[in-house]
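Common to both upcoming complexes is chain A, partnered first by chain B, then by chain C.
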Partner chain A sequence: MSIWEYANPRKFMQTSAWALPWVAGLAVVTLLTGLVWGFFFTVDDYRQGATVKILFVHVPAALMAVNSWLMMLVCSLIWLIRRHHVSALAAKAAAPVGVTMTLIALFTGAIWGQPMWGTWWAWDPRLTSFLILFLFYLGYIALWEAIEDPDTAADLTSVLCLVGSIFALLSRYAVNFWNQGLHQGASLSLAPGERMAMAFKLPLYVAMAGFVLLFVTLVLIRTRTEIRARRLRALEARGRMA
Partner chain B sequence: MIALLLRDLRLATRAGGGFGLGLAFFLIVTVLVPFGVGPEGGTLARIAPGILWVGALLASLLSLDRIFALDHEDGSLDLLATAPIPLESVVAVKALAHWLTTGLPLTLAAPMLAVLLNLPGPGFFWLTVSLALGTPALSYIGAFGAALTVGLKRGGLLMSLLVLPLYIPTLIYGADCARRGAAALAAGTPLLMLVAITLGAVAILPFAAAAAIRVNLR
Partner chain C sequence: MVELGKYAGPVLAAYGVSLGLVLALVWLTLWKSRKMRRKLETLEREMGLHG
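Moving on, here comes the complex of A and B:
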């Protein structure tokens, strides 16, 4: 029994068909719990008022925006090294979810920033690097769309993902160098200092778990769709040959 | 490899190669900016390093299709891929030829255009140095983007979408170096980072680009 068994599309379809309702159900439950708890059962912050509650969407979305790219990077590596088709399709499936999460993080940040910082947008390193991440996602998706042959597309997008990761990281540190920050530091960190109160932290953890599960659900559904589309194309091709 | 370099240089400089087009584009962009932001000297002096860097970047982007697309059309790219020299060095040489015909002329033209934009005195040296050391990175990153899109019809627009985000770190350090130089601040740190990016791009990207070409020629 090894993890590579799931690289077999049939095995993947079987397992994911079984797992999908559970993951989806758990995602709904944790998301509802986390968001309802966060929105309605936490106190207002003494300086930020009710606007602080946008945190329960903003932080998990930002988390998933970055982790979705990381997942694509790992999937691209697996495709380049071991050439498992499910891996390439999962990377393709994750990109639109990741771009949506990036947009959610950017927009919720703007909505929060308007009353708090007095501006919708500032060229702060964190904001800027998210905008850059959005551009990388766009390029990646556009390259998938532009190439007809699925294997060529998988190869080229994987190479782009590897090189893009290096440059995304470079950009992250370059914008740090380029401009001073307005954004607060890491929301959750082990380092000592001013920390979030437990009353906010717990629902935030639940909401983060909810977003992770939501991401897994969406990627599973989209990967299954991609596999089905691939099978359909193979059947059509066979029909034309006959 | 030297023969390949000479061939690319000749193709670029002779009729139909579009050697002057990049420079002309650079000139026009620089001339358009004052019309957009107004003729006031102080404003222009402040934005001059950034404008010149962005202009050089766009001019370099527009000539990227020359690296592989034309060779792919007439079939010589297939011959180069089967030639006895490794495809990685073909890519490196072609990117070098692109720099010699685009980045180098842009670097030499930039100080003259900086006069139009009222760049302060100490800025000239840093602008030229940052462009000279930064534009090779633009050519090598661009070669990678061109390699990704070489087999595509209408790949030009897609290539800009792929390449421009990759240009961001180079642009940040390059323009920052020129800006600090123009303000008579210490500009050493961004220059070192810029050189690091250039060296990294020259070392790594030919391999990525060659991998992409192999996929595209399959």
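Moving on, here comes the complex of A and C:
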């Protein structure tokens, strides 16, 4: 069986209907476990005090802000190369989830930054690239809404997605490219240096898994909605011609 | 109850904003999904396409 079979809307609807309850259930359990563990059952950090608990929403949201865009990039490339409608609709479906994650990362970062850095905002490479990524998300969503023909909208938004991918990657690797700014390096890097304690790392992994599963759940539901909207438009057009 | 000390404000604000945004997104996603499914089912019934 080929993976491209799932590009068939009927096959996608069947498979996603079967998978959704499992993924959604797992998302709720994992997310609640990660957040409750992180909030209630972790100790304060010796430098950051109780603000370290913000880690369990900030890092998973930032992870998903970047990865949502990368998922949209893959879907956009599939659309541009193979013209599968489900992939274009999946990219469209992921954008509101991605923009929400980016907003959460920006908000929680500012709330965390104020007591730790003494400022809500700094024009630091990582913060700035995240803000630009947020603006790209808004532009991407607006472009989908602004163009009536869905295929043209999919073409243009795919190109915008390719351009925005530079900022998605910059958001992730900015702290490595430019050794400046207030933001710390990668929280879960394998490189030698100061490492996060297991007491924080384990609940963080669970919260990250929860955010990934939440993203998958929401994108599946939203893609199904987009497929239905596309069928509705097709039937309405057929009705008008009859 | 967890002791947040002088950082209670920032920590609770971060969780409050995050959960609020996530819940709003989930609600909007489910609302749009239900609305579209009903619309499509109605049209399919009207056109005699749905059993």
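Worth pointing out:
Heads up, the rule we're going with is that the second predicted complex is superposed on the first by the 228 of 242 C-alpha atoms of A that agree within 3 Å, B and C clash if a C-alpha of one lies under 4 Å from a C-alpha of the other, contacts with A are read in each partner's own complex, and residues count from 1 in each chain.
Following the convention adopted for this analysis, a residue touches a chain if its C-beta (ideal position, glycine included) is under 8 Å from a C-beta of that chain, and two chains touch if they have at least 3 such contacts.
These figures come from a predicted structure and were not determined experimentally.
Applying the stated contact rule after C-alpha superposition, one finds that A:A61 touches chain C and leaves chain B untouched. When the shared chain is aligned, chain C comes close enough to touch A:W112, but chain B does not. Contact with neither chain B nor chain C is seen for A:A197 once the two complexes are overlaid on the shared chain. Legend: residue contacts after superposition of the two complexes on their common chain; A:T152 is shown touching chain B, with no touch to chain C. Contact comparison for chain A: of chain B and chain C, C touches the greater number of residues. By the touch rule above, chain B contacts chain A in their complex via residues 141, 144, 148-149, 151-152, 155, 158, 161-162, 164-166, 168-169, 172-173, 176, 189-190, 193, 197, 204-205, 208, 211-212, 215-216, 218. Those residues of chain A that touch chain B in the complex are listed here as 132, 135-136, 138-139, 142-143, 146-147, 152, 155-156, 159-160, 162-164, 166-168, 170-171, 174-175, 177-178.
For chain A in complex with chain C, the touching residues are 35, 39-40, 44, 49-51, 53-54, 57-58, 61, 96-97, 100, 103-104, 107-108, 111-112, 114-115, 214, 218, 221-222, 224-225, 228-229, 231-232, 235-236, 238-239. For chain C in complex with chain A, the residues that touch the partner chain are 2-8, 10-11, 13-15, 17-18, 21-22, 24-26, 28-30, 32-33, 36-37, 39-40, 43-44, 47, 49.
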